[in-house]
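One chain, chain A, appears in both complexes that follow, with chain B as partner in the first and chain C in the second.
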Partner chain A sequence: MPSTATALTPGLSSFLKSLKTNPIDTSIENLVSLLKRRQIRHSRSCATATAYLLLRVISACRTSESVKLIERVQSVGRRLMAAQPREMVVGNIVRRVLGLIRDEAEDDRDAEFALSEAGSESQCQTPRAYDDPSLPLDRDMLGLRAEGSERSSRPPLTSMFSLLSHPEPENSLPSTPGTQSPIGRVPGHGLSKDVRAEVLEGINEIIDELGQVDDQISAYALEHIHSNEIILTHTSSTTVQKFLLKAAAKRKFTVIHAESFPNNHDSTHATVSGNSTGDDENLSFESFQKPLVALGITVILIPDSAVFALMSRVNKVILGTHSVLANGGLVAAAGTRVIARAAKVHQTPVVVVSGVYKLSPVYPFDFDSLIEYGDASKVLPFEDADLVEKIDVHNPIYDYVPAELVDLYITNLGGHAPSYLYRIVSDHYRKEDISF
Partner chain B sequence: MASTTEGTATAGAQPFDIVATYNELLRSDPDLTMPIAAIEALVLLLTHEPSSTISETLDLLAKSTEHLKKAIANPIGLSAGTDLFQRYLITTLQRPGQLGPAGDFKAIRTHLLSNGRLFIRRAKESREKITAFGRGFIRDGCTVLTNGGSRAVASLLQKVADEEGGSFAVRFNVIYVLSSISKDIEGPSGEPEGMETVRALRAKGVPVATIPESAVAYALGKADMVIVGAEGVVENGGIVSRMGTYQIGLLAKAIGKPFYTVAESHKFVRLYPLGQYDLPIVQQVVDFKTEEDIAQQSKPQAPVDSNADRPVELPLEDSVDFTPPHLISALITDSGVLTPSAVSEELIKIWF
Partner chain C sequence: MRRLGLRHAVGCLWHHFFFRDSTLSPHQAIQGSTERPSQLEIESSKMTDPVDSVPTSSPANAPAQPAPATETPSQQTLPIRDAKSAKPKDPAQTDKPAKGKDASASAGAEADAAAGEKPLSPAELKKKAKAEKAARRVKEKLERDGGAGAAGGSAPAPGQPRPPATPRKDAAGGGAAQKGSKALPPRRGSVVGAGAAVEQKKKKEDKSVAVFGHLYGQQRRTTIAGAGKEVHPAVLALGLQLRDYVVCGSSARCVATMLAFKRVSLIICHIYYWKVETNPPDLLRLSNPTLHQWVPRSPRHMTTHLSHQITYLSTCRPLSISQGNAIRALKLAIAGIDPSTPEAAAKATLCDFIDSFIREKITVADQVIAASAAQKIQGGDVIVTFAGSSIVKQTLLLAHNEGKQFRVSIIDSRPLFEGKNLARALANAGLDVQYSLVHGISHAIKDATKVFLGAHAMTSNGRLYSRVGTALVAMSAKERAGGVEVPVIVCCETVKFTDRVALDSIVVNEIADAAELVSANPAQQVTGLPDPAAFTAPPKGGKPAAPIPDPATSDRTPSPSPLANWKETSHLQLLNLMYDVTPAEYVDMVVTEMGSLPPSAVPIVHRMSTNM
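After this line comes the complex of A and B, so read on.
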């Protein structure tokens, strides 16, 4: 099987192709090593690969009990996250899938309660049964967003009131596998078999979301980019590109583009030769700038060192990101913090565009551990061997940008203040999945 | 449970004194927080007053709460408890179901009355939850600066210290800011608040440095983070805490150190102070005096106390200040690590 995988250049597309033919364990191994070797590296590619893999894992799972599914996804998720802890999107997708399974399992239980309630008034119906009986029925029609907001309306009864609430809920509330299992098993296979189908559908929705996210974000472009503005951006992320393109269709503005030296500048040089494309998120600068230029937008390429000098003329800074953290901070390509700081000094608004899938529930306890160091030869090529021996060369790939340097996040759900991100986190991830 | 039955036994003829009960509860269990003591006092009140209708009960609660708030010098913490109790009652009554309007009012009454101990236990358990969330903040080799006598902070630090040898083994140092005000007044031992925690931590092998409040700015350079407790967390995410917390917050902001607050979510209180002097308490911290005033004060003054309606003054050693939300990096609560702006949402959930 490895032969089929290695026949292609290892990466996202080859992985997705091999996923169909390879046995599941090989695929997991495959993704783990791809992540370890950084052959899949951009947030979206990692997210897509994870989602497809979990889709396979669940459809290959012969069990239909939610507890077993959760265990399986958790064990696969742990391996993937251990392979590349800094790609936080992997963990995000795993957590969302876990949340999906838990939701479906709980819906099942609600439905059963609704049935049993008619017959006998059991004692443990207290909290969940009244939650809302309408929930299981129109579930499928609700999109992801509605699902999130509806889930978030549930905690009120459990959060501060949990102190005073009835004693029974306490036993059933910490919805751990222990309490879920007996109920899941009692009623034949008919109901719980549905869980798997529902979850697969949910994962497909996540995959769809990954595909549409940039277009959804770009829908907000016209609200934020106005005529004759000067926009500064950094790196070549598709999200930013689509965002700018959308605005360029209607308005004329100027884009100042910092080249992001050692790690992304080679795509700048590709502007001249112009033929680098890949399955990754970052486009070559040519494909980034050409459509903008074609639409009559002035694009100015500057070195990173000129950011501060030009910042006084910039109206708005629009940044892409690697991942967003629960406290409102973000991990983005090296150089982002310099730009954000310069923007702060000049009171220039900083807008970060990012799909919700990049939003991680992880709280950054230790900022240094989030930053990855890349190939030092990009800074100082090994041809300069005698110099390399004498000095230390570092090439950090990411920067941590604290929340107070960001003015606005634009996700596929709309614009949010950094201090509001905790809410989106609680809408998308279950508390019990945050550290699994 | 035990105290409930004991309470009914002694009830007899004398009327129930909620203020005395509240104070007694706080005295008897040093681990009890003010909101929980207030809830307990209300539970005991309900056992003494046989009210069978909803409005009678709510009326009784409102009156007693009012009385209690007036009698206690610092009602911020306890009002979090009384509010929570009242809202819980009302929300449960409005919700359809066994305990709702269709159901029996007696059911909810008996639930509240029979579970007094349970509430206390849960409140204490919430500190365990906080420890679980807060553990990640204390990294190996870091130095934590803290102040006051918060039980939540103490339990967090001690739990982390306990992990010795386990998978979470963490070596950390603590800088403990000891208050100078309370030194000579506090009890017979005459030691400042927090000494107990200092001893407990040192016994567990954690190196602790104690510094006076005046050395905070000097010492902050050696600290990696500040962790403080809170008496109440107000609606905008700021905290009401032991005097001196505000200045630590300002200094931490100036020096660029993260400032974390540890508080149980039952301490969230519906209050929106606009500044230091906007808190619903009377404390004579800034007290302008001339020689003449001092001479006058030293004379015995009997007749002034006749006015019972006068608000009670908070003694200097119990004085509090307000730390605004922009100084707080995060709140470590039993419902997770929250940003200050999440507090208002939690409150809105129970009020509306």
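After this line comes the complex of A and C, so read on.
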């Protein structure tokens, strides 16, 4: 899983470095080839790279006409997605940027309209906000809060009543990290500001979100992990590790860690033992973190095959994921599906922790197309060459886990039932961008 | 089968006893028995053959392969044992308390005990052996002093695989050497280099997983040192082979045990009648006055004697259900022998019993099962199987030979990778084989039409007790998306049926050495050893054997695993389970030699087959 090892090896960090100096087209080519060669892996690395690239693309655009911006982003986005269709976060980020541009464009229109009609800023509420104002996760609310946190002059919009009584939003709540999902646009405030600047600001917020999403998710840890619990997890997901670490600061529990051989076992071993071997790029753009064992948490490392045997003693299964689909299903490291299935059989709750950026509006009509196959030599080393020639070795990297196997999603916005995810999708992505 | 002349048998026995010759190893025994040349799922027996066939007359350059081979992992596991020996022993497993204690005593204790026994062996043979040994040790010490530095810290001392009789002398003379030998690198590739250092650390923290505390009770035997002198050499060798998964798989273990016991019973019979006939063979009289301890006074004593062997075997690796069933049947047979039966007849009876047991319960049973299960395979099928079951292999090969066109998808798991051997066998036979690991279950099962599973045992409540991971495969077959269930067919001889019941995989299970999980590489099965010659070269597996596996393993692991010193990492535990229990509802059919049954019929069939 080489993603960002050093500047010498192509990866996220070298890409970000080169982004400032290289011309746009070179950078796009660069990212396309990185994605194709799988030199950028991991959802977050891909998302970060995409966001930075789009930032650069938009800032290099010499137009503030939203239609042209959308066209430009779409064309870049198509190339990136074609380069690696299974990294769905790339598409997610592109869609969110497109959504940003469209929102800004609409705001401009709305604001003009509002100015001409009432000259008030209350028009920043799009009709959607009135659809279901009690939902704190509504896109416009989020937008407002994000915006509010910048300006800290608007009250939170928590009810219809507050909408009516405080037509002018101000923020008096300290913006909790979990409620921040910087998708929203800055509504009609700066009429004079051009769309481009607003969009750039929005992208920067997305980048910020990517940076803090794990911490935001881990803020919910104490709500979900009780003392002396036995938790089973899989792979070396940093999101899961941070989640558990947060809980470990306050509570004692036991973690059973399936090692996810053969694709991720090395970094899993490194994660549980705290000995980074130097090639666990997984942690590379995190500050080095303590392993759970350092906090006195008992970690039991098991081979993947022992999951069923132990599941009857497990209280909760916490899984990381590669991407989450609109139907509530998820694409995660291979082996996740049997773990989730075994948990279902034992009536053990399955919790998936995932940043909202992994939530994809794609509906999985064809499950097989989501699955990527990896290096077969990890399954059967070429030392067994006589065998490798004769048999068909499979090393799937991902599993599709249907929504019914998941009990709860925890994103940076809070906990959701799988059946609710479609709503978050519609909050984050514009309908017209879903298949761009 | 092969009836050895009395004198020959006894002569051989003592020869082996002192020179640790390996011709008595079950391998050869297995190969010698014409009924089961290839049905054991241990490819390994072939691999060790060259060693087995080393001429017995030159003990000096023909060390027993099993002994040194198995010695090395034992060295590595010994520290673990020391650390854990604070835990109470599993009372259930030590039906001979004194023996059990003996078995799990530390090397030092053994040394003391052995030293005490030393004066008891004045026989010429022993003296000669001792002199040889001493000379060798001096030589080895010199070599070690010269070459240990190059070998690195991990292998500072020679392995001293000893013949069953020699530990006494050895311990008396070379306690230091014995201690040093603990640091030898392990056999199966899972090198924990700093063996000695680890040993101290572990005393601080219990590395056993709390839920499985009851399973850690009895530590596995690490060497044949300290085994009671009642234990037959064939059994000694078998014990180590069992422990190292050389003999692996329920049927194979059962057959190997029975064949070893066949040799034991030859001796038992002989000694028994020697006492009665008052005309002992010269060799016996000469060789060992302690022999009187062997002499049973009635058939009941013969079963007692057998229990020594059994206890020893169970300290090497917990007995399988099939072994237990076989032993029970054997004891019954021994008890049934009339004490007045002439010697030859009694021996013949026992040997015949063992032969027919193996034939009926396993060899022929396997053929019947394979024939019946192969009927279930149709052209175009996609058969999923898990790990490497010998009976499933037979079934698939039979179906292939019948001309059916089907695909086999093998799912394998760490750390044993048993499926690899199955894949190799099937691919060599020309089958279309697909191979993936546990993480690919849901992909492999997607286009499966049938699932064939082997069994370690079938419990009385219809659950399948088999290699860990089996339950995941069966579950996936039953819960496939789209609602189409895949039939799960278990192939199991009735000798593997047990009247025990199991609800989960935690109460009854077996814990293997956690160090096997440390290496990222496939665990080094003894079959895949780089060069068995390395172990045969030094006399009695002495010092030179030690460094050789070391570079071999380090070649394979260029960078040390992050888990390399997991034992020093507090709160980190590794769990290496051997079996899991598959719920009965996941099993559609159990194919046995008595017919194809639903899992609910297991207790009935078990009762029928044991009440014969």
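By our rule, the second predicted complex is superposed on the first by the 328 of 436 C-alpha atoms of A that agree within 3 Å, B and C clash if a C-alpha of one lies under 4 Å from a C-alpha of the other, contacts with A are read in each partner's own complex, and residues count from 1 in each chain.
We adopt the following convention: a contact is a pair of C-beta atoms (placed from the backbone, for glycine too) under 8 Å apart; a residue touches a chain by one contact, two chains touch by 3 or more.
The shown structure was predicted, so the numbers you read here are calculated from the model rather than taken from an experiment.
Engineer: Per the contact definition in the header, classify A:Ala249: touching chain B only (first), chain C only (second), both, or neither.
Structural biologist: neither
Engineer: Give one of first, second, both or neither to describe whether A:Arg341 is in contact with chain B, with chain C, with both, or with none.
Structural biologist: Only chain C is touched by A:Arg341; chain B is not.
Engineer: Once the shared chain is lined up, is A:Ala60 touching chain B (first), chain C (second), both, or neither of them?
Structural biologist: A:Ala60: touches no partner chain.
Engineer: Figure out whether A:Ala197 sits in contact with chain B (first) or chain C (second), or with both, or with neither.
Structural biologist: neither
Engineer: Once the structures are superposed on A, label A:Pro262 by its partner contacts, choosing first (chain B), second (chain C), both or neither.
Structural biologist: A:Pro262 sits against chain C, while chain B stays out of touch.
Engineer: Given the superposition on chain A, which partner contacts more residues in chain A: chain B or chain C?
Structural biologist: C
Engineer: Per the contact definition in the header, classify A:Tyr420: touching chain B only (first), chain C only (second), both, or neither.
Structural biologist: Touch partner of A:Tyr420: chain B, not chain C.
Engineer: Which residues of chain B touch chain A in the complex?
Structural biologist: 39, 84-85, 87-88, 91, 95-99, 111-112, 115, 118-119, 122-123, 126, 136-137, 139, 265-266, 268, 329-330, 335-342, 345-347, 349-350
Engineer: Over in the complex, which chain A residues touch chain B? Could you list them?
Structural biologist: Touching chain B: residues 126, 129-130, 155-157, 159-167, 170, 326-328, 363, 365-366, 419-420, 422-423, 426, 431, 434 of chain A.
Engineer: Under the definition above, what is the set of chain C residues touching chain A in their complex?
Structural biologist: 209-211, 413-415, 420, 423-424, 427-428, 432-444, 467-469, 471-472, 475-476, 479, 481, 504-506, 509, 517, 520-522, 559-566, 569-577, 579-581
Engineer: Quick check: in the complex, which residue numbers of chain A touch chain C?
Structural biologist: Chain A residues touching chain C: 256, 259-263, 265-266, 269-270, 272-277, 279, 292-293, 296-310, 312-313, 333-335, 337-338, 341-342, 344-345, 371, 379-381, 384, 386-387, 390-396, 399, 402.
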